[in-house]
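Naming follows writing order (A, B, C and D), and every chain is counted from residue 1.
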Amino acid sequence: MPSFKPRDPDYERRVRDSFARQRVMNTIGAALTRVEPDVVEITLPFRADLTQQHGYLHAGIVGTIADSAGGYAGFTLMPPGSTVLSVEYRVHMLAPARGETFVARGSVVRSGRTLTVCELAVEAVTGGERTTCSIGTQTLICLPDAEDRPAG
Amino acid sequence: MPSFKPRDPDYERRVRDSFARQRVMNTIGAALTRVEPDVVEITLPFRADLTQQHGYLHAGIVGTIADSAGGYAGFTLMPPGSTVLSVEYRVHMLAPARGETFVARGSVVRSGRTLTVCELAVEAVTGGERTTCSIGTQTLICLPDAEDRPAG
Amino acid sequence: MPSFKPRDPDYERRVRDSFARQRVMNTIGAALTRVEPDVVEITLPFRADLTQQHGYLHAGIVGTIADSAGGYAGFTLMPPGSTVLSVEYRVHMLAPARGETFVARGSVVRSGRTLTVCELAVEAVTGGERTTCSIGTQTLICLPDAEDRPAG
Amino acid sequence: MPSFKPRDPDYERRVRDSFARQRVMNTIGAALTRVEPDVVEITLPFRADLTQQHGYLHAGIVGTIADSAGGYAGFTLMPPGSTVLSVEYRVHMLAPARGETFVARGSVVRSGRTLTVCELAVEAVTGGERTTCSIGTQTLICLPDAEDRPAG
């Protein structure tokens, strides 16, 4: 995969500020644990109140951290003064989302002026063992001259 | 689209029981508001603690209710004693997820012995106005002779 | 689904001209059989030299006519002097692609200045009977001030 | 990514026989150029009669070779006497499909008894230069005790 250069030297602060405004991340207990040009990771400790009917992490919550990881991976490369939106994402569930901690990683595979494409992966971590429980892909759009903050 | 016949006359109770075990639904405040053979709807009132950086419902939460609506739409048609898992889902965000209430609808388009394919749609409702903010598709697998309840 | 107004009164000629430049359509024997604002259909008679290992139409050829039908559905709504490109598409195979004729339909569900989202469906027709053998969704990008003709 | 063991020592012959029955591969001029447990590559020389309106390889033909590469990657791991079908696939177009030759690679990321998930990539090769013009993902189903040959 290619490597990319951020157009904004201050990309990390910009990503961290935006992540802090994603209130759902605080609600589910997710943290931003890696911010590099073109790769972002989000870590979510397992919580029983986020599960589906078998007691595993719900596929939608797996998708939630994957979508944000990809969105912020793309955002690391976007210019100052822009904002990022998900156009679409898709995830495959490869194995039951069973683990103590989940690490979602978004990696940029195409960074264009308007559109960015990311690969997504979520690993379930139990003790030292890591299993990829989900992979996905995502399309992002960069809105230049838009405020990355709550409307109103 | 075709219409389908449930193989389990008790499908509604089975769906409602399983939904009640999806603890994340209670956590985010989602309710099962329609259960018919091949169509299920889930309603989620807006909550500020489920938002992304602009104050709209996070695309992952949109995907969460869409994924469950599709999963249970498929489950209405599955035989007694089976369980359902998402193989993959994908959602497009058509408009900002801004509204007082969100209604996710899953509709079965193919119901096979092993695999089910659903269409997903999420509407944002404000006053009497409804806007489709997301569409998607999903693949489900039916596991026969599996317990649809927490492992362990 | 919403209905859309073409921004170019001459949209049909523009679509037909572009379709005629898609040389692969002639190669596989596909024809443009419906061009309306936001809906386009492409018809492909079955040919044994387009099949997969069981003698059905190859899923990739199903995707080829679906992708073009969606692309041109989106193109009916784009302004004069623009061109359209597929960002991504995905198709589900619901049933074996077995039939005398295949009709791919692309329908616009979101038409934005930059991005368009389409629903795709392919029907297999045998005698008077029609079966939906594939559904899909697609993201398109409109490139304004670009030549919709071969480069070089 | 994990590595997988073929359950059929004769997997390569089985894949090559099936590929030879995919008549569309011969029609477009595609060849099977790599067959290993869990990875298959298909090579397609550029042909002007397979192009879209700008003279690049049509996204549907890109998808066609990607879908077959993934299908046969999955098939390398399936048991004797089975057949493989695509449930769904999706491809992103990352760059114009412009090149002298295109190499589609399918790689298995999950190999289950019933379902297989593959990653897809298509590279455009010009002189010694390779550009990834497309990535995708795919779901396959294994039909045991089915004939992998034309019906009838």
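One rule holds in what follows: a residue touches a chain if its C-beta (ideal position, glycine included) is under 8 Å from a C-beta of that chain, and two chains touch if they have at least 3 such contacts.
Because the structure is predicted, anything quoted here is derived from the model rather than measured.
Common neighbours of subunit B and subunit D (chains touching each): A, C.
With chains reduced to the mean position of their C-alpha atoms, the one farthest from subunit A is C. A separation of 29 Å divides the Cα centre of subunit A from that of subunit D. Rounded to whole angstrom, the centroid-to-centroid distance between subunit C and subunit D, based on C-alpha atoms, equals 22 Å.
For subunit B, the set of residues touching two or more other chains reads 87-88, 90, 92, 117, 137, 139. Subunit C makes touch with subunit A in their complex at residues 87-88, 90, 114-115, 117, 137, 139, 141.
Considering their complex, residues 18-19, 21-24, 26-27, 48-56, 58-61, 63-68, 83, 85-93, 148-152 of subunit A touch subunit B. Contact residues of subunit B toward subunit C in the complex are 1, 90, 92, 94-95, 109-110, 117, 119, 132, 135-137, 139.
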